[in-house]
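I have a structure I would like to understand better, so I am pasting it below and will then ask my questions one at a time.
Chain lettering (A, B, C and D) follows the sequence in which the chains are written, and residue indices restart at 1 in each chain.
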Amino acid sequence: MNATRRDFLRIGAAGAAALGFDLAPARAEARALKIARTTETRSTCPYCSVSCGVIVHTAGDKARNAKPFVVHVEGDPDHPINQGSLCSKGIALKNNIVNDRRLTKVLYRAPGTDKFEERTWDWAIDRIAHLFKETRDRTFREKDSQGRTINALTSIGVIGGCTDANEINYLMSKTFRAGLGVVPIEQQSRI
Amino acid sequence: MTNGWNDIANADVILAMGGNPAENHPVGFRWVMEAKRNRNAKLISVDPRFHRTAAVSDVYVPLRVGSDIAFLGGLIHYSLSKKRYNEEYVRHYTNAPLLIREGYSFNEADGVFSGWNAETKSYDKSSWNYELDGQGYAKIDEKMEHPRSVFQLMKHHYSRYTPEMVSKICGCSVAEFEKAAELITSTYTPDRAGTIMYALGWTHHSFSVQLIHAAAMLQLLLGNIGIAGGGLNALRGHANIQGGTDCGVAYHNVAGYIAMPKSDQTSLKQFLTAVTPKPLRPNSMNFWSNTDRFFVSQLKAYYGKTATAANEFGYQWHPKIPQAGTGYENWSWGFLFDAMYAGKMEGFLNFGMNPVSNGPNSKKAIAALSQLKWMVVAENFDQETSSFFKPEILATIDKKPADVQTEVFLLPAANFAEKDGTFTNSSRWIQWKWKAVDPPGLAKPDHEIIARLFLRIRELYQKDGGKFPDPIVNLNWWYSNPVEPSLDEVCKEINGWDLTTGNQLEKFLDCKADGTTLSGNWLYIGMYTGAGNLTQRRVNTDPTGLGRYPNWSFNWPANRRIMYNRCSADSKGKPWDAKRPTIAWNGEKWTGDVPDYKPDSAPEQGMGPFIMLPEGVARFFVPGQFVEGPFSEHYEPAESAVVNPLHPKTSSNPLVRRFSTPHDKLGEAKDYPIVCTTYRLTEHFHYWTKNNPYNMEIQPEFFIEIPEELAKDKGIANAQMVRITSARGSIEGKAMVTKRIKPLDINGQRVYQIGFPIHWGFLGRGSQKGSLANLVTPTILDPNSFAPEYKGFLVRLEKV
Amino acid sequence: MAGSTLELKRISAVSTAPPGVRETTVVSKYIDTTSCIGCKACEVACQQWNDLPPEVTVQFGTYQTLPDMTPSFWNLIRFEETEVDGAQAWLMRKDQCMHCADPGCLAACPAPSAIVQYVNGIVDFNQEHCIGCGYCMTGCPFNVPKLNKTTSKVYKCTLCVDRVSVGLEPACIKACPTGCLQFGSKPQMLHLAEQRVARLKENGFANAMVYDPPGVGGTGVVTVVAHGDRLASYGLPRDPSIPLAVTLWKKPLKWLGNLGMIAGVVVAGLHYLKFGSKPEPEAKEPEK
Amino acid sequence: MTIERYSFQERVIHWTAGLTYIYLLLTGLAFYSPTMWWIAGMLGGGPVIRYWHPVAGLAFVATVLWMYKAWRRDMRLSDLDRKWAKGIVDYVSHQDHKLPPVGKYNGGQKQFFWVMFYGALALLASGMILWWTEAIPWSLRWVRFAAVLLHVAAFLVTVAGFIVHVYMGTVVVKGGLTAMTSGKVTKEWAHHHHPLWK
């Protein structure tokens, strides 16, 4: 017993040297850089009007068989305003793109019901077009009370665009105002 | 912004008022910190709350919500009475020396300007104008000594805004005011530059336009407009709110800030005559004299080949705002929802907006939506407006889904990263972004939704006919892929081209009034020229070291980085500050930034530096454009805890626009004694990020900030549930008892202020609980801009 | 940069010499609390870069996200509302691993290789070798490491060793809007800090100071504070060092114990050799 | 002729205590000093021994508590024990006849009992704190520090007792080991070592 204990200690004392340590795994295995081979796309943060440059990193090298998905979003260091930095919203932009709450289906709520039902794009566009035309044809104001031509549609309102591209804002006013005659067109800047 | 984000780094004094840039524009705020770090610039924060901006400010002054004009008026008075203004600047670049008609006055006791009709509650503004000479030019007294010179009138008008009066109205101490005033007005010397950063803290008032007018007056007195490190900088909210405004997404104007045609402008000629100003000084460039070129080119963009001189380029196809009484119908946001509430609207298309949450008076908005026959919402996430028919939301107006017959279409839309196109930021940079990924599932980009819908409607009109199909069938839909127009092509069209040569337009005056050019928005001419799509430029060199980045994207107007930059040089054309030149006259032409001026007009010619104004000079006195007066005057918010100490008879803005539905009740101080304001947090963006896990993590729940003293009075502990009630409704949330809002002494009366952030509601991640800020805010509108008064309304507070 | 065996300067619970022979630039973060606006971009940048799951949080009467860091929340801005000389103040400081030159966590760690320090100064946890004992939580003078109960591993800021090792700046630093966070070599950061403190003093902050506590050999985070006389308001210990208990245990107690145990056995052996077993009573005849 | 010195239950408890203590000792040594870390490898690796060490600790303390319940009366130190303790040099040098006669347990055994009892309590208290370090708020971090020191100190004290105990029980006093395995001792043994044991 005595011998055993002594052996025990001897092994212990010699342990570090005898058994040694495999130092290779002692490296804190720095995770491989997750954006090492991602595709970088320059974009602009959609939140406030500072318009920080952001880089959207997507998986895949644009090969046809790879469906890009967003791996990471961070600031564009070349951008003169943010120079790589972002705020707590901008740096969380991946949340905005990849989010289980994103709408992915066309939804329709029938009058008097309390929930949405799924529909197809074709059905929805067709239905909205008919409703639009029906409302427009019935309520269009070709003349004002004094008989002057106004060609105005005030029974349909159009709002939006504060986070849409200029081109889309322009198309909105072109289509709805110049084309369809809508007067009540408003956006966020008013409020 | 007159200047830009990077330019703030050139400032010596930064006044952050009516905004909390550190909170809401943290990355833009980096340039404030750069100025502080590199130039030892001083940041002054004036706000009811000691907020994130105040936390890093050099001077903080508390004030009562809605007393900003009094504070600014005090600064104007301070500047004038202590002769701390740039006299040469004021004489040459403003209307200070111009003479005003006899008959103009301000009734100090009643708080109204001349021309007030107490019965109709309206102004006859004829006296608010210049005294004209025989040629139709405003008379001038270069010495600015004439009692009817704008300078003298202004001096007199603001003589009431003494530091003591400021203290009485705002609640700050005289010492606090004077400390700030000393620093702010220190920029009147040519070697110092001061900027003002403001945002919704100024625009969300029933006197918002006059508030910004007062700030502009101050900056003009100090010679801070047009110079590097100066300016009056609206920080703006959304990514493309600037672009949306530029592109005409507002009922009252079309793209490029050209007024909407009105019903009495029955011909194109009549319209152009009405909207084109005449010069008011002989040396005025009056750039708006080119309105005909801009508007005709826009009509050509809309109607293409079918727009000809013979049919007034389709002018009659374009809608006009109908007349209503002596004015015109108002279809701005508040009126639009009021009309909807009254059942005057049937259909509603909504691209990425959430009026139930972000408009004022949510209950009224919900009630209004339930009057609709149909509504279309294109969105990234389901939200309070698209789901307004859900029982928990309708419960706020005591209705049930069965009561509401609105058909709702909720269309899945692509987000920013899933489409390309340009955003215009508050520096007015038009920047292209590239599509990174496909939208999820069946989501489509808005332009495809708009195009498909339009093409289907057009098809129906072509097939079945219908009411006035002309503009629909004639709309210039030239895009290579009609169902999903390439945004590059649209970008080209907005810039426009010469129809005879096919070349892209290079500069403003390339567009013509004879129908030979096409341009969707004259303001954006130059962004897509023969050199290509300049919004995609990514050259980030800064040759001057002043943060101009002239070859980064495209800066409207004309790639000009600082607006009104003629004022950056003295009357001889020499920069006020040689270290921070913006433009300078080299004997032949103006060099430096793109001049906001005729490029070869020598200083001796004395052309007015404000080329967009018919006077050619900036306006202290606004000759009739604003409805409640030519000078800004302090009025109380529509719901105010105190009576205006200046003129109790006219306490609040006499021309404020309000409505009369049961949802539009206003409260009185005896029932609702606490002043309340709403604001935003840096951790969230509006009502979108409540869908984001990380943003919800760092700011999870709705809360109400309550001063310690008030919490003590009411026995409220930190993080306890409390309820706030206004005349419109009530909401509950956790109390955040804080030292950062202090009770104020207003004219001898103790006033408590509380506030809460927006950002939560009914739908989203985590605990939403229906804590929708706008359930309590009123639909009170500024009479010029029709912006709602979200800030400075009355509530009462109780423990739950 | 960091990441290779040849750059290991210290390894927890290994008594042999570490193999780091390379000499690379010692890196450091710089935090200027006087230009921090508490925007929390660094908090989210950290979460998002490291793909950490969001914590379930509640509003507890402050702007601060959580009372403290957690195993999946490594970067926390601390907010303190206070008054300094009668003036309102709202102090904010980004809190995270300080990457001490003399790390208490590493000293206290009993698991070989679970905590390493690279020659560039980064102190990193290697969860593969972590046994979840929590000694690092006791050893750290800044209350940084946090134990995940499910995985039984301790986590903290890695100074983005994956980014730094390929030449990128840490995620938090890059995100910082105001530039109150900077990254570079330690001398560069100290220089910045000294300049900033000089500016602050010029602006009337007599107690402005650089926080780089010598008690832990200096930190890989150089902090500038305006009110050096009230470090507690920033959540900073005045004079941090490796806790005495850890030092006592790891140095004298360990060797005393080792010696004692060896001595005990040796003495027993010597005793046996000298005295042998106790004499036993003579065996009696079994009783009838 | 043999008599029962330890019942079956007592033997089970003793050996449970002994084995758990040995496990605790081995794993503890691994935590205690890097030079002993190889034990961790032999016993399943760091995370495994980190998991079982406190569990074994609870088992050990449970047995100690049982022993306390069962033996505390026998272990009460008396004047006799104090007198005995004064003759410890004689005991060590095997001149037992110079010592006053002892009962079922001599003063040394009793003191070992109390060392292990209080040691176990200290190890339990400090061990619980170390087990749940994160539950000790930062403001009370001195408790963590105290626990570290207490655990190490109590470990060292008990280990000293343990070495003596094992040495005495197996080598020095012949029959001690069998007493704890079979539970029986001869009358002579009992009379010789514990004359006053009734």
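Throughout what follows, a contact is a pair of C-beta atoms (placed from the backbone, for glycine too) under 8 Å apart; a residue touches a chain by one contact, two chains touch by 3 or more.
Model, not experiment: these values are computed from the prediction.
Undergrad: Need the most distant chain from chain D, centre defined as the mean of C-alpha atoms.
TA: B
Undergrad: Applying the contact rule given earlier, which two chains have the most C-beta pairs between them?
TA: The chain pair sharing the largest number of C-beta contacts is A-B.
Undergrad: Identify the chain whose mean C-alpha position lies nearest to the mean of all protein C-alpha atoms shown.
TA: Centre-most chain by C-alpha means: A.
Undergrad: Can you give the whole-Å distance between the Cα centres of chain A and chain D?
TA: For chain A versus chain D, the centre distance works out to 65 Å.
Undergrad: How big is the gap, in whole Å, between where the Cα atoms of chain C centre and where those of chain D centre?
TA: 37
Undergrad: Where the CA atoms of chain B average out and where those of chain D average out, how many Å apart are those spots?
TA: Each chain reduced to its C-alpha mean, chain B and chain D end up 81 Å apart.
Undergrad: Taking each chain's centre as the mean of its CA atoms, how far is chain A from chain B in angstrom?
TA: Using C-alpha averages as centres, the distance is 26 Å.
Undergrad: Enumerate the residues of chain A that touch no fewer than two other chains.
TA: Those would be 2, 5, 16, 73, 82, 85-88, 90, 92, 95.
Undergrad: Could you list which residues of chain B touch at least two other chains?
TA: Where chain B meets two or more other chains at a single residue, that happens at 26-27, 30, 682-683, 693-695, 698.
Undergrad: Can you pull out the residues of chain D that are in contact with at least two other chains?
TA: Residue numbers touching two or more other chains: 34-35, 37, 167, 171.
Undergrad: Which positions of chain B touch chain C when the two form their complex?
TA: 22-23, 26-27, 29-30, 33-34, 36-37, 40, 50, 52-56, 58, 60, 682-683, 693-703, 718-719, 734-740, 766
Undergrad: List the residues on chain A that touch chain C in their complex, please.
TA: Residue positions touching the partner: 2, 5-6, 9, 16-17, 20-21, 23-34, 36, 72-75, 77, 82, 84-88, 90-92, 94-95.
Undergrad: What residues of chain A sit close enough to touch chain B in their complex?
TA: Going by the criterion above, the answer is residues 41-53, 56, 58, 67-70, 73, 78-83, 85-90, 92-93, 95-97, 99, 101-114, 116, 121, 124-133, 135-137, 139-142, 144-146, 148-191.
Undergrad: Would you tell me which residues of chain C are touching chain B in their complex?
TA: 34-41, 43-44, 47-48, 54-63, 65, 81-83, 87-92, 177-180, 196, 199, 202-203
Undergrad: Considering the complex alone, what residue numbers of chain C touch chain A?
TA: Listed in rising order, the residues of chain C that touch chain A are 2-5, 8, 11, 14-16, 19, 39-41, 43-45, 48-49, 51, 112-113, 116, 124-126, 128-129, 158, 161-163, 165-166, 168, 171, 174-177, 179, 261-262, 265, 268-269, 272.
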